[in-house]
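Working notes, beginning with the structure itself.
Going by the order they are written in, the chains are A, B, C, D and E; count residues from 1 in each one.
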Amino acid sequence: MVEPVYLIVVALGAAFSLGLLRKAGFVMHHLVLLLSLATMTAISAQWTVGLFTGSVSPAAIPTAGFSPPISINLQMGKTEGFLTLLVNLSVFLSSLFMIKTVKRRSVYVPMLMLVFASGLNGIIMTRDLFNLFVFIEIMSIALAGLIVLNGDIQQLGAGFKYILAGALTSGLMLIGIIFTYHTTGSLNIDTIANALTPELKAVGYAGLFLIFIGVLIELKPFPVNGFGLDVYESAHPAVGAVVSAGAATATLYAFAKIAIMSGDLFLELSMVVGAVTFVGMNVVALQQKIANRLLGYSSLSQVGLLVLVWSLVKWQNIANGDLIVLGLLVTHAFAKATLFWLSGIIQKEKIEDWGIIKQRIYLLFPFAIALLALIGLPPFPSFFAKWELIMALAANQSHLAIALILGGSLVEAVYLMRWFGHAFKNTAAEDETLSVSFCQLLPVFAGGLLLIGLGYPASLLSATASPIPWMLTAFVLFTFAMEFLPAKIKNIIVMAAIAWYGYPLLTTIGGYRVIFAGIFVIGALVTMIPGFSHKGNRLGFYPSLTMMFAGLIGIIEAKETMSFFFYWEMMTVGSYFLILRGKNSKPHALSYFLFSLGGAYLILAAFGYSFGQTTSVSLDTLSQVASTPYAALVMLFLSIGFMTKTASVGLHIWLPGAHAEAESDVSPMVSGILLKAGIFGLLMTFIALGDQKIGFVDIAYVLSWVGAISALVGNYLAAMQEDAKRLLAYSSVGQMGYALFGLSLMSHLGWLGALSLSVIHFTYKVILFLAVGGIVYRLKTKNMYEMGGLIRKMPITFFAVLVSIIALSGIPPLAGFGGRWVAYNAVIEKGWMLQGAIIGFSGIIAFLYLFRLIHTIFLGQLKDAHRKVKEAPLPFLLPQMLLIGLVMFLSSRPHTFLAPIGEIVKEFKPDGALTWTGPLAQSHLGYWDGVMVMWVFMGLFAANFALLFIMNRRAQPVKQFNIVYAAERPARPETTHFAYNFFAPYRRALGFLEYPLATHFFDGITDFLHAAAGFIRRLYTGNGQTYLFQIVAFVVVVFLLANGGF
Amino acid sequence: MNIVYAVATIFITINYGLVLQGIIGKVYARVATRIGLRIYQPYINIIRQWVTRTSINHGIMYYLGPVFRFTGGGGILIFLPVIYGAPFFSSFSSAGDMLLIMYFMFLGTLGMALGGGESGHPYAAIAVTRGLAQTTAAEFPLILAIFSIVTQYQTLDVNQIVAAQQGSVLNWTLFTNPLATIAAMLAFLGSMMRSPFDVVLAPQEIPIGPPTEYQSQFLAMLMTNRTIFPVAKTILYVNLFFGGVALQDSWLLTFVIFFLKTFFVYMWSVFVGVSFPRFRVDQSVRWFLKAPAALGVLAIIFVQTGM
Amino acid sequence: MTSTIAMTTGILLVLIGLFAILTQKDLIRIIVGFSIFDIGVHVIMISIGYISDATAPIIENLSQLGQSYVDPVPQALVLTAIVIGLGISAFMLTFAVFMFKKRGSLDINSFRDLKW
Amino acid sequence: MIKKALAVLLLAQLCTILFSFLSVYQEPTSLNAVSSHYIHNEPKELGAANAVTAVVVTYRGLDTLGEVTILFAASVVVGLLMFLHKNESAPRRDGSELLKTGASLLFPLILLFGAYVFINGHLSPGGGFQGGAIIASALMLTILANPNRHVGHGFFWAIESISGFVFVLLGIAGLVLAGGFLDSRVLPPGTFGHVASAGLIPVIYIFVGLKVGAELSSVVLSLHGKSEGGVQHHD
Amino acid sequence: MAKMNYRKRLIDFDKRTVESPDGETFEVNPMQDYYCDAKPKVHPPSKIAPLETFYNWCRAESIFILGFGTGCGAIEMRPLMGPMYDASRFGVFWRPTPRQSTVFFIGGYASVKTLKRIVRSYEQMQGPKWVFAVCSCTINGGMYFDSYNTINRLDHYIPVDVYVTGCMPRPEAILDGIDTLKKRIKEGRGEGANKYAKNFEWYKANQKKIIKDWDMPDYNW
C-alpha cells in the first residue's frame, strides 16, 4: 500500500514542478497533470479496494513522526478511501475533458487543478481542525482561480463574490477554531470530540457554532448561496463538474467531521438547514432556464439533501446510514459531473436549445442516465440509498422527513425531466453543428457507466431486503448493447426473450398474478408485432420497451417490496421514454412522468411504513400491516399511488395526452397493458389490507366514488374528443374507473368483475389502439373529422373496431357483457347503488364515444384524399386478428375464463361466488348463460339476415353521394360528413363535466410553485455585497434559532 | 321446441304490435278530431313495404343494420318472460336476467346507428347523436329505478320479480315502490320516441332520423321491428312495475290482462305525446337528469333505509 | 486582563471590518474592510494563548524550561492565518484590478451580470 | 441608509454573539497538554529554540505546506489572469532618479535582511514567511521606484517551483528516513541554539523563505503588468 | 376567391387533383367516383298473378306521398291531412323522404329549376312508384304555357300516372284523383317506373333539352 499522504504529495509535487516545465508545452503539462491525477486515483482505488475487501485495515497516518494531538494526522478509512477515489476520479476525468478547451491557458490550469486536487484530498483525509481549514482555503483559492478560466467579466465577478464570501466565512471559522482550541486544548478532531464533556460543550458552544456555521456556509445552504450559483453558472463546465463532484463531496465530509466532533449539538440545526436548502433550491430551480445555473441549483439542492440525510441518519442512529449517504453522494457526484461535461459539449446556455444534442444522438444515453440517477430511479445507487432511507425513516416514523425528501425529489424531477424533454424533442437550428472530441466523450461515458455499474454493489448493501432479481435488468442493459442492429432483428430478439422468459413464468406463477402475467407477456408479444413495420434501427426504442416490459414482469415476479418498487420504477422510466418518442408528447410525457413518480413515492412511503410496522419486506407479509395503526395510511398511500397509474379521476390528467401522443404501436402498450399494472397493484393492496377506515370513512367506499366518477368523467370526455387516440385514452380513464370501482367493492363479484374487465379491456383496447394506429399510419392524422367512409378502404380494421366496440360497450353476446353482469351483481349485492348508477350511466355514455369513433372514422363520407388509401399494414392487422380471435373465443365460451378467475378470487373472497353449471352462471341475484345468449343471437341474426337476403338480393349498390339531399345533391364529402363537435347537444346540456377541475388544481400547484420560485429567486440579486449581508444575517439568524433567541 | 316457441312469440307479438299501432294511430287521429286510419292499415303498410320491387344498398354495414336492429328487438322479446308461468311465452328467459335484457336493447340501437351511418347521410348521423344523447340521459333514472326495485326484491330475475308481485294489486311495485315506478315511467317516455322526446326523428328537418336513407325491404324490416320493440319494452315495464302478466286459468283471460296492461302502459307515452310539445335534445337531457333522476335517487334511499 | 483588552479590540476590529464590507460600495474599500476584519480575527487568535506574565515561547537555553511561556500554538496558527489572509487579499486585489479593467468601474453594484 | 441601519442591526446581533465568547472566556493560567508538550519536549525532540517555529515547520508542517500552496495558488491565478489579459497594460510614468538610486542601494540590504530572518527562524522570532515577505518588499521597492523596468518573471517562477518541489521532497525524506511526512529529524538535532541545529527545520525554512519571497514577488510583478511577454503599448 | 364561389357548383364536379396522405397525387372524378352510374332496370311484376293482384291492392291501399310543392296546388295537400278531408281514412300518408314514398305529388307548374329537382327526387324513389300531378300547368303549361321558364307538359319528363286539372283543383278533386290512382294500381296499370326505365333515353333527352346546367349523373340512385 502506498502511503495516503502521497495523495497530497503527488499533487503538490507535480504542481510545483510544473512551474519548471512552463516552456515544455501543452502536451507535457497535461501529461504531468493526467499522470499525477491517475496516480492519485490509483492510490485511492488501491486503498478503497483494500479497505472494502478487508485486506488492509484503516490507517491513521501521523505527520512529522509524532502522534496526534501533538502533530497533524491524516486518516484513511473506508469513507476516506472511497471519497478520495471519487474526487480524484472526477478531477481526473474533468481534466481529461478540459484538454482541448484549456490548450491556450498555458501551464496555469494544470497547476490549479493539481492544487485543487490536493486540497480535496487533504480535506477528506485530515483529522486536524486547523489543517482542515487550511485545506478548505487551498481548495477555495484554487477553485476561484479555476472559475476565471476565460477571464471574462462574468467569471471575474463570480470569482470575486466567491472569494469574498469565502473570506468572510473563513474569518468566522478561525475565531471558532481558536476558541475551540482554547476550550478543549487540542486541535485534533478526535481528541476534541473525546474531550467535549457536556460542560465544555456549553462553554465552547459559540466556538463550535462558528466552525459549524462556517463549514455550513461553505456548503452553500439556501438562501445564502448566491455566490455559489454564480460559480456554477459562469465557470467552465468541467470546473462545474469538479465543484459539484469534488468540492461538494469534500466539503460535505468536512461538515460531517465537524458535526461529529461537536457531538449532537448541531444535528437538528443542520437538518433544518438541509431540508430548507433541499426544498428551497428545488423550488427556485423551477424558474431556471439556463442550463449551468440549473445544474447549480440542482447541485446545491442535492447538497442540502445530503446534509439533511446525513444529519437524520446520525440523529436517528440509522444502522447503515453511512452507506445511504454514500449512495446518494456518489450518484450526485457522477451524475452531476456527467451533466456538466455534457453541458460543456453542448455549449448551449438555454435548456430549450439543447435539442442540438440529437446531432450526436448517443449523447442522450449518458444524459438520461445522469438525470434518472439524480432523481433516484433504478438501477442507480441513489435508488437503493433512497429506498433504505425511506425504510429507516418510516420505521422511525419521521413523517415530516419523508414528506420533505419525497416532495423535494418530485419538484427536482420536474425541472430535470423538463430539461430532458427539451433536449429530446426540440430541434436545433439547421446551421449549427455539434463537435465532440474523444477526450470529451470519455468522461461522459465513464460517468454514465459508473452510475450503472455502481448500482449493483449498492443493491447488495441493502440492509432491509435481499438482492433484487437482476436477470431482467441485465437483459435491459443488453438491449443497450444491441442498439446498432436493425429494428426488425431487435424486435425478434426482444420478442423471443419475452416469450422465453414469459412462458415458464406463466406456467409456474400462481394465483391472481397469473392473470396479469398473461396480460403482460401475451400483450407484449402481440403489441410488438406492429414494430415490424418500422424501418431503420429505431434508436432508443427497444431499451425503453424492454425496460417497460421487464418492469411489468418484474413486479409480477417480485416477492419483496424492494424488488417490486425497483421494477415499478423501471417500468415507469421505460414507459416514459416510450411515450416521449411521440411527435407532440413533450409536455404529456413530462406530466406522465411526474404523476407516476409522485405515485411511486407514495408507494415507497407506504412500503416504508409497512416495513416499519412489520419489519418485514416480503410482499406476502404486507397483510400484517392490517392489524397495526398504520394500516389505513398504508392502504391510502398504496391506493393513491396505484391510482396514478390507473389514472383515476383527479390523477388522470396525464393520461390522455400521454396515450394519444405516443407512437402508434406504443399507445396500445401503454393503454392496453401498462394500466393493468395499476390494477395489479390495487388488487395486491386490497388483498393484503382489506377494508380500512380513516376515522369513520371507509377507504374502499371513497375509492368506489372515485372509480364511479372516473368512469363518468372519462367516458364523457371521451365522447367530446376530436382526436381518435385521445378519445381512446379518455376511454381508458373510464374503463379503469370501472375496474377501480369493482375492486373497491371488496367482494367476490366485484373483484371478479374488475379482473375480467382487465382481461377484456386489454384485448379491445389493444385492438382499438392498433386499429386507430393503423389508420393514423395511413392517413397521417388523428382528427376523426378528417376521416370518414373508410369502411370500404379498410374493411378488416373496421371489423376489428366493430367487434371491440361491441365488446367494450358490454353489449351481449360479446365478452364485455360478462364483466358488466358480474359488476352489477356485485353492486347490488353490496348495495352501493348511487355509485352503481353512475357506473351504469357512464356505461351508456360509453356508447356515445364508441359510436362516434366508429362512425366518424369508418362510416359517413370518404374524403377525396383518402380514395387511394390502402388497408392498414399487416403488422398492425395481425395482432388485431389474433386478439379478435381471442375476444370471439372468450365471448362464445365466457365460462372458460370467468370460472377460473372466480376460482382465483375465491382464494381471497370466498363468499358470494358464482355457481357454474356448464356455461350458466348463477349469483344469488341473477343468472346468465353466455353460450345460450350467443346461440340465440347467432340464430336470430342468421334468420333475419336470410330473410332480408331472400327478399332483397337485387339491391343496387350505390356510391357515397347517392343520398337524398332534399332534392339537391351534396357538394363535397367534407361538407357532407357530420363529425365535428359531434355531441353538441350533450355538450350544451352537460358541458360542466368538461370543466378541467383537476387540471386547474394541478396547474394551480405548479403555478404557485413557479410563482414562489420567481419570487424567492429575487434573493439572488447578483450583488456580492447583498450576498455578504445574507451570510451575516444567516449566521445571526441560525445562532438565534439554535439558542431559542427568537 | 324453444325455437318454435320463440318464433311463435315473435309472430304473435308482431300481430299485436300492428294492431296496437293501428289503435294508436286512431287515438292520435281522434285527438285531432279526424276519423283516422283503418285499424288494419299497419298490416297493409308493412306488406306493401316488404314487396317493394327495387332497392339500393349503401354497403355492408348498411345492409346489416336492419338485421342487427331486428335481432335486438326479437332478442329482447324472447329473453323476456312475456307471460309469467307460461313456458310458451318465456322461451329463452333462462339465458339471462334483467341485465341481459337491458344491455341487449342496445344491440338494435347500435345496428341502426351503424347502418344509418354507412348510408353516408349526415342527417342519419345527426339523428343518431340526438338519439344517443337523449337515450343515455333517459336511461339514468331507469337505472336508478331498477336498482331500487332490485334492492327491494333482492333479485335480478324478472320471473322472480313478477312472482313477488302476485297475489294482490297492492303487491305491484307501483304501490310498493311508487317512487321507482314514477322515475321509470318518466324514463319510459324518453325511449318511446314520442313527443316531447321525438326531436330525434324530426320529420322535415332530418327526415325521420337514422333510417332516412332506408327504403324497401330494409325499411320493411325496421318497420317490423318497430312493431315488436315497443311492445317488448312495455312488457318489461309491466313485468317490473305492474305485476307482470301471470298465466291465468284460461288463455283468453291471460291475453286480456296482457293486452290491458301493455296497452295502458303503452298509452301513457301516447297520452303524454299528444299533450306536450317537443323538447330540444339538450333540454330533454337536462330534464331527465333532474326530476326523474332525483326521484330515482329517492327511491333507492327509501328502499335502502327501509322506509 | 491583557487578553480581554486584546480580545475586545479584536472583536471591535472584526465588527468595523464587517461594517465596511457591508456598507461600502467600492471594491477596494471592501477589500480594505476585509483586511481590517482579518486583522481583528488575528488579534482575537493571538490573544487566546496569552498567559499573564509569561514570556514568548523562545527557549534560549534548555535550563529555562521550567519558566512560564505563552502558548505557542495560537502563534503558529496566526502565522499561517496571516499568510492565508495575505494570499486572499492579494487575490481579491488582483480580481478587483481586472474587474476594473473590464468594466471601468469599482462599484460592486455594477457586477451583477449573473443573478436569479 | 436603510442598508446601513440594517448592517448596524445585524452587527449588533453579531456583537452580542462575539461578546458571549468573551463572557465565558477565562484566561488560562497554565499551558494545556499539547502546548506544554511543545514547550517541554520540543527542545529534546527537535532542538529548535523557537518553539513556534518547531510547531510551524514540523509539528504542524502540513499547515505550512498548505499555506505555501495557497500563496502558490494565488500567484498562479494572478499569473493566469495576466496571461489572459496580456496586452492590457498602459505605460507608467518613470520614477525619479533619487528614488531609483535609493532603491537600488537598499535592494541588496533588504535581501540580506530577509535571508537573515529566515535562516535564523528556528532560533529567534522570524522565519520563512517573514523573511520571504521582506525579500518581496525589496522587489516591490525597485518596481515602485522604477515602474518601467523590465524584471524577468521566469527567474521567480524557477525559484518558486524549485523551492516548492524541494519542500515536498524534504517532506518525503522525512517520510522515508524518519517518522513521517515532514519529519525534520532526518538530520541530527545538532547543538541547541546554533544555526545548524534542529534538523531539517532551517533547511525547510530556507526554502519556504525563498518560495514565499518568489511567490509574493511574482504576484507583485504580475500586478505590475510588466512581466515577460507583456507587449508595450504606447497609445 | 370570389370568382371560385361564383363557379362553385360546377367546380364541385370538375375533375380535381388531390394529394393522398402519403404525398402521392391523383385525380378524382366526382361524377364517376361519387355517384353510381348504373342505368335503371325494368322490374317486371310477379309472375304469380293472384299474388301480384294482392300486392297491388296493398300498394293501392297504402299510399305514402312525397309532396313537392312546386306550385299553387301544393296548398291543397294540407286540407287532406286535416279533419275535414282526412286522407288517412283511405290509407294515404305523407313521408318526408323519397326513399320511403310511393307516390310523387307534383303540386303545380314546374319551372326549369324545379324540374331538375323533380327528376332527381323521382329517380330516388323506389319502385313501383307513381306520379300524381295537379293543376293545369303540369298538363299543358296553363297560364304559363309560353313562359321562358316553365315546362309545359310534365309527362315528357317523367311518367305521370294521374293528372288532376284545375287552377287550383279542390281537395275533393285530389281525393278523386287518388281514387283514380288506386284504381289504376289495382288494375296493374301503374307501371310508370318500368315505363321510365324502358324509355329512359327518351326521357333523358327531353330532360336535358330543358336543363342546361346538367350537373348530376344520368340516373340519380
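Operating definition for what follows: contacts are C-beta pairs under 8 Å (C-beta built on N, C-alpha and C of every residue); 3 or more make two chains touch, one makes a residue touch a chain.
The model shown is predicted, which means the values in this text are computed figures rather than measured ones.
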item	value
Intersection of contact partners for subunit B and subunit C	A
If a chain touches subunit B and subunit E alike, it appears here	A
Best-connected chain pair, where connection means C-beta pairs in contact	A-B
Chain whose Cα centroid lies at the greatest distance from that of subunit D	E
Most distant chain from subunit A, judged by the mean position of its C-alpha atoms	E
Most central chain, judged by mean C-alpha position against the global CA mean	A
Euclidean distance of C-alpha centroids - subunit C vs subunit E, Å	111
CA centroid of subunit A to CA centroid of subunit C, Å	50
Inter-chain centre distance, subunit A versus subunit E - centres from mean C-alpha coordinates, in Å	69
Whole-Å gap between the CA centroids of subunit B and subunit D	105
Multi-chain contact residues (two or more partners), subunit B	54-56, 207, 212-213, 216
For subunit E, residues that touch 2 or more chains besides their own	36, 97, 99, 221
Touching two or more other chains - residues of subunit A	130, 134, 137, 141, 144, 148, 151, 175, 179, 182, 187, 956-958, 960-962, 964, 1029, 1032
All chain pairs that touch each other	A-B, A-C, A-D, A-E, B-E, C-D
In the complex, subunit C residues that touch subunit D	1, 3-4, 7-8, 11, 14-15, 18-19, 22-23, 49-52, 56-62, 65, 68-69, 71-73, 75-77, 79-80, 82-84, 86-88, 90-91, 93-95, 97-98, 101
Subunit E-facing residues of subunit B, complex	25, 29, 32-38, 41, 44-45, 47-48, 51-56, 203-204, 207-208, 212-216, 219
In the complex, subunit B residues that touch subunit A	3, 50, 54-61, 63-64, 66-68, 70-71, 74-75, 78-79, 92, 94-100, 103-104, 106-107, 109-110, 113-114, 117-122, 125-126, 128-130, 132-133, 135-137, 139-140, 143-144, 147-148, 150-151, 154-157, 207, 212-213, 216-218, 220-221, 280-283, 285-286, 289, 296-297, 300, 304
Complex interface listing, subunit A residues touching subunit E	778-781, 864-869, 956-962, 964, 967-973
Sites on subunit C touched by subunit A in the complex	14, 18, 21-22, 25, 27, 30, 34, 37-38, 41, 44-45, 48, 73-74, 77, 80-81, 84-85, 87-88, 91-92, 95-96, 98-99, 102-103, 108-109, 111-116
